[in-house]
Every structure is written in structure tokens, then in C-alpha cells.
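In what follows, a single structure is set out as C-alpha cells and then discussed.
Per-chain residue numbering starts at 1, and chain names A, B, C and D are given in the order in which the chains are listed.
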Amino acid sequence: MESEYKLNSPIFYVNPKAYVFGKELLKFAKEADKISARYDIQIILSPQTTDIRLISNNTNHLLIFAQHIDPLNKGRGHGLILPEAVKEAGAQGVVLNHGEYQLKFSQISKAINIAKNLKLLTLVAGESLSELAALSRLDPDIILAEPSELIGTGKRSDENYIKKSIKIIKDIDLEVKVMYGAGISSGEDVKDIISLGSDGAGAASGIFESDNPIRVLEEFIYAMNKLV
Amino acid sequence: MESEYKLNSPIFYVNPKAYVFGKELLKFAKEADKISARYDIQIILSPQTTDIRLISNNTNHLLIFAQHIDPLNKGRGHGLILPEAVKEAGAQGVVLNHGEYQLKFSQISKAINIAKNLKLLTLVAGESLSELAALSRLDPDIILAEPSELIGTGKRSDENYIKKSIKIIKDIDLEVKVMYGAGISSGEDVKDIISLGSDGAGAASGIFESDNPIRVLEEFIYAMNKLV
Amino acid sequence: MESEYKLNSPIFYVNPKAYVFGKELLKFAKEADKISARYDIQIILSPQTTDIRLISNNTNHLLIFAQHIDPLNKGRGHGLILPEAVKEAGAQGVVLNHGEYQLKFSQISKAINIAKNLKLLTLVAGESLSELAALSRLDPDIILAEPSELIGTGKRSDENYIKKSIKIIKDIDLEVKVMYGAGISSGEDVKDIISLGSDGAGAASGIFESDNPIRVLEEFIYAMNKLV
Amino acid sequence: MESEYKLNSPIFYVNPKAYVFGKELLKFAKEADKISARYDIQIILSPQTTDIRLISNNTNHLLIFAQHIDPLNKGRGHGLILPEAVKEAGAQGVVLNHGEYQLKFSQISKAINIAKNLKLLTLVAGESLSELAALSRLDPDIILAEPSELIGTGKRSDENYIKKSIKIIKDIDLEVKVMYGAGISSGEDVKDIISLGSDGAGAASGIFESDNPIRVLEEFIYAMNKLV
């Protein structure tokens, strides 16, 4: 089943993780929403689960992704994140297997299937080239390629890794979007990554540990926009 | 640090787990809110994380508990449930170590500490008598005693287990509330459990797999109310 | 790096899990060793970790596989199963991601790499067709395809699943051996599975919950042998 | 049920973790065995699971502990460490919930019960004072108190933590032995920790990352012996 949302490269992924939440995130999200509209670039934002509905109800252009869903259907399952609840709260997609929240293999494959049935987009993270090839076979919408040892370090994946991973993934499934996350800290970084043929870039600490998250985001999106 | 919310026995714990969520849960919660006020009995409700804010914003008497928090502070931690985010969304407390979502020992102890600092109430679940004694030493506000093999079966803990566990827990910490969850399916069950000296009872499938969840809840609360 | 052990189809996988161990398993293993020699069929046996050395030192034909390894190298890692220790104890291979011990995706991919460097064979288990396709990209030596809901039930995978999964896996990597595990309880079952084009079959409860494990094993191997 | 092994303070715990295994560990263990006899000090050694039988069969004085057991009985449970298998391989005890291998609360409580039934000694690790108090209620034989942030750093727990934790634990159960692990790197460290009233000390990196593990162990045991 197809998602009802269409992805258009280049895409930018903003990950607040546990850095920013609630009202502070809402303020950020409203500005990010305007930036998405102004530059006509899709921005994915993944709030804390508590904030999906709040952010979704108050923005129009952002693609809201849950940071995680568990592969379960209505019923028992205390403490687990129910995909249907995430959908009903307004999410358009879900992130799975982030380097900081790695999942069992069967959880990834089952969660992708449940998300597809709910027409939720899926962004799945992986590291090595063979992992990325394997994940491509699970038919996600987006693959986020980032060596976990680089997360939060400000160091970027090298050109060789980026080129090879794009080729491997697209050879298996041309429709999968490929994005790169770790170590994005300037518009130049974003430009480089897009120029190598990727479908997008993402940032967390690069934005939310900066003095002015919205200004940093706009720098990233501006760099992307010039490439379209 | 003390929580800002005061617990008054008997208390009833309603656990929607992944049975009911979003608008359907909101409708239920509004009715439960009225029942709590009408009978002057505290009702704890633990919605899906996505729904904490929605339910909290639209009820006045219910105590809203998160189904889970992770022991982390603001910062990294993709996919984890940030206690501060849960608090800001309107929760008054948190459930930890439910039989369907068992936690590492150090997670429980750290999450209780973080919850206390945020003045969130803590409800911790355990099974055997030695487990309940151990959990009492972590200083939670409420202990939910339920053998996990009984969850969802409609079978209740026996009188011997209830009496012994109350004694063991209160001997260690007289202030901890002790509640019983598994197998509550009638007002008679609730009455029996309260009569044995407990501080409350709880239900999940007994309510949400019934034909009329609100009517079942009212039966439970009515049975409690007569005992006050 | 290539393993030093060569796999020749058809292969049979005997999984004692936690059913049988120590001296009782040793007695079984010595008989199984003779059966392997007599019928010239490779038999994989995965003892409890405690028994790898004992079984390896006292058999000549069996391929001894660890039930699990963790992806780590020498150093810290209390409680984890060190691949080098498993190799030194005499294992020729390792099982990863069994339905009863499912691993994180990154654990599977890293453990396969470490095993390859140590020239240990790898047997990786998976369920759905997309999972099996994904696992094929991680370059294991053997894929064990078994829907986890069938494990221990005596019910077999259906013909359609077997045919499709063989095709999907072999299309990606012709060298990967494909075996089927759940529900093997007679020589007829073994014959059917091999006839559909698989490289082998496996059993756990079918053997170790029977009255005469060695007789059952010999029935399975005899059925295989006639097909060579 | 009582264990068949009697613990006599002071005790020393040597943890090879994944640093040393197989033949190299056997050589170390034979020397450690002599040191234990020479100074009449009990030494606990926890080898890789693969090596329990090898070390147990070739030493006479060491107490061999498994690094981990899972709370299960004979039957299904692929990949899990069966307590009965560990016992049959020659272990006298088990380590549970080490800082590098933290367990679910219910796993700890169930594994302690299973170990007791098999007359295996139990050594359980914990961190904060409230955790140690809680663990005391689960009735282990030994508590290893070590803040996980100190493991492998060469930094020791401070005097205040040691004194308070001994008091808290012994107030709950006078028979539990209390040991301290992190940051032991000299005989002086060992002497200090014993002098504060503890039942023993332990080391991993302090021994196995040194140039001469056996000499370091002997220094530790010599320091203990003078205190008896």
C-alpha cells in the first residue's frame, strides 16, 4: 500500500531527539514550517512522542515523524508505542532503528509492514554498506545512513561511503530516498552531501546545541534550495 | 522531593494499554473524569504516550500517568521517552516495570529518582513477595502487585498473596500505596481486594474488552465508594 | 575471508537448545557423530555454550555451532559471549537471531563480520520473505527460514513459503544454503523439504521431546541420505 | 535452600570478562588456584561461559562463577544460558546484573531463586544506595557494589559510599557479603576497602590489563591476607 505523502528530494530531516520538546519545540516548529514553505523544501521533524499531536496540529508543511513505533496492533502492550495511535495523533511517518535506539531485526521488518498498512512513511537508519543493502530489501521509504560512532561528533561521513552507499541502495531499489545524518554543521556540509547524489541530509545536535537553532536550520535549507 | 499530588485510598487504576487511544480514549476519559468527581475517588489513567496532553487538557479529576518513562535528561536519546516531556505534557505520574514492559533494575531505580525530582508520582509493578519487598526500598509512591501470569486472564491474585504482600511492603514503608491489578472483572472483585487492606485496584482488559467500558468502570468505582 | 569448513547439501541441524546438556548431550552427540559418518551427511549441533568444548573434543564429524555470539572483541564485556572464546573452545560456526533469541539488526551484521574474520560459519534465522532477502545481503553461510509462530508446534512451513524463499535467497546469493526448521517430526517431513530444493532441515523439540532422540535423528538422516 | 559452599571473608573476586579466555585463562587460573591455597583466601573467578568446565576441572580451590545465567529451566530457550548446564559444568556460583550486563529486575529475582534451588552461590551487582538496599531483599549471597561510571577507570568508590552501603545492606541482612569492585589497582586499595568493614574486593582491568596479571593478583591477595 502506498503512503499518501509524496517525498521530493532534496529533503531535510530535523531531529529534536530529547534536546527540545513541548512549547519550546512548538515555537521552533512553527518557524521551521515557514522555512519549509518559503524555500519549498520538505522538512521532516521527529518530536518526542508526547508532542506529535501538538506539533502536527500547529504546522502545515512539516512532515511529522514519530521517533519510534513498536510493531503491534490494538490490544495488550503496556508501554509500547502503538502505530495507530501515532497515526491518529497526526504523524505522517516514523523513524526506525536510529543509532541511539537500535531495534531487533524482526521489529524493523514488522514495524515497516504495519506502517505501510497505515500509510505512514518509514525512515530506517543503518550503518555499514551491507546493513544498508539489507535494509533496502525491507522496502522503507527513506534510508538514513550514518555510522553510529559519528553521531553527535560533528564529523561527517566521508565521500567514499556516501557514493558507495547511494549506489548499493539505488541498485536494489531506485525509489528509496537516501539521506545522511551525522556531522552536519554547516550549509557547506549540506551542499556537499546533496552534490554527491543523495536525497537529503539531517541534523540533531548541529541544530539543537547551537545558539540559534532556527538560524542554523535556515542556513541548511538555504544551501539545499540553491541546488534544486 | 515530594510530589505535588496527594494520593487518597482507595484509588482505582484504569490502564488503556494499547486497547483504546486518541478520540475514543478522550471520550472515555471525559466520562471517567465525571465518575471520579461524582464518587470522590481518585482514578489513575495511563494513556498511550501520544495522548497524554490530549487527555490531560480535557479532564480535571483524573490522575494522568505515562505508561513509561526512560531514565534520561534533556539531550541525546532518540526514541526514548523524556520524563520532562511527559511532565510538560500534563502527566501527574508514571508507571514503571509493568509486567508487559519489564525494565532493567537500574532503569527502575534511576527513573524513580528522575520522576521524584520532577514531582511526578511513581507506580511500580512487581510480582513475587521478594520483588515487592525490594521495590519498596526504591521508594515509589505506589506498588502494583500482580503476578504476570495472571495479566489478561480474568484470574485474580489469591487472598494469601494479597495479605502477605501488603504486610511486607507496609513493614518496609508504611506510606507506599499497594494496589492489585490482574483479574479484576466485577465490583465484587474490587470490594474483596479493598477489604483485605489494599489501597486500590486496577483493570485493563476487564474494562476495555468489555462491551461497555464506562459502565464497567462505574461498577468498580461504585463498589469502592461504598467502602470508604 | 573464507571459512575453513565446507558445507555440502543436504545438511541437518540438530538444536538441543536448553533441552539437553552436559553428559546427556555428550552421549547423544557421540551417537550423532557416528550417524553423520555412516550416512556421510553433515550434521550441525548447537550445544549450550558451556558444552561447546566438551562436545567438540569428543566428536569428529559433527559441525559444532555456538547458539549465540555477541559482536565483541577481546576486552571489556562482562556476560557477553566472546566469539574468539567460542572458536578456541572448538566451535566451527555460530547461530544468530534464532526465533527464540532475536537480535538487534546491527548485532547480526557485526557478529557475521566478526565470525567471518575468525573463519566461523554463520547460520542466521529469519521469518518473512523480505526478512530473508535482507539477511541474504549480510552474506551468511546458511539461512534458517522459520516462521517463529511455528517453532515447537510440530507444524511445518508450507510449500509455497519454501519455494518462494529459496528463490528469493538464491537470486541474491546462490552460495547461501537455505534450511527449514520448524515442525520437522518425521523422515517424510525431511524428504519433502529437501525435495523442494532446500539445502537442509533442522529439528529441536522433534528430537529432544521424543522418547528416543537418537532413533528420531537417524530416521531424519536416513530420509536425507536416500535423496543424495 | 542453602548453597553447599561456605564463604569466608575476606574474599577476592577476579573477573576475566572478555579479556582472557581458554588456554591463557587456564594457565592464569592454575596459578591463582595455588595463591588461593597458599594464603588461604577464597578467590572467585568468573570465566567466559565456554570455559567454566575447563577451569573447574583443572583447579581445586577457586570458586568458579558463571558471568551470567538466564532464569530458565530445561526446555526451549535457544541462546539462553541454562542454570543447570552451568552447574553441571562445575560452577559454584553465578554473577548477576554486572554493570556491563544489566538485567531486568524480574530476571534478577527469578535467577536468584533458580540458583538457590541448584545450590549455586549468587553475586549480584548494584550501584546506588537504594539499589543496594533493594537487592539485599532478594537474598543474594554476595552484593558487589560498584558505581558503573567507575568500571574500568582505575578510580575507586569513596569511603563515604563504602561505609554507608555496608551499613544499609547489613541492616537488612547481616549474612550478605558486601564487596567492592571498581578501581582496585594496588594492594593498598584492597587493604583500604577491607579496613572499612567490607567482605572483599574485586578486579578485572586492574589485573588483566596489567603486564603481569598473576603478580598483581598475588599483591592483592597478600594485602588481604595480612588483614585476616
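Throughout what follows, a residue touches a chain if its C-beta (ideal position, glycine included) is under 8 Å from a C-beta of that chain, and two chains touch if they have at least 3 such contacts.
Everything numeric here is computed off the predicted structure, so don't read it as measured data.
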item	value
Cα superposition angle of chain B on its copy chain D, in degrees to the nearest 5	180
Per Cα centroids, the chain farthest from chain D	A
Between chain C and chain A, distance of the C-alpha-averaged centres to the nearest whole Å	37
Distance from the mean Cα position of chain B to that of chain A, given in whole angstrom	34
Touching two or more other chains - residues of chain B	none
Contact graph of the chains (line, ring, star, complete, other)	ring
Pairs of chains satisfying the touch condition	A-B, A-C, B-D, C-D
Touching residues (chain side chain C, partner chain A) in the complex	97, 102-106, 108-109, 113, 126-128, 130-131, 133-139, 148
Residue ranges of chain D touching chain C (in the complex, touch as defined)	15, 17-23, 46, 48-54, 67-68, 72-82, 84-86, 88-89, 95, 98-101, 151-152, 204-205
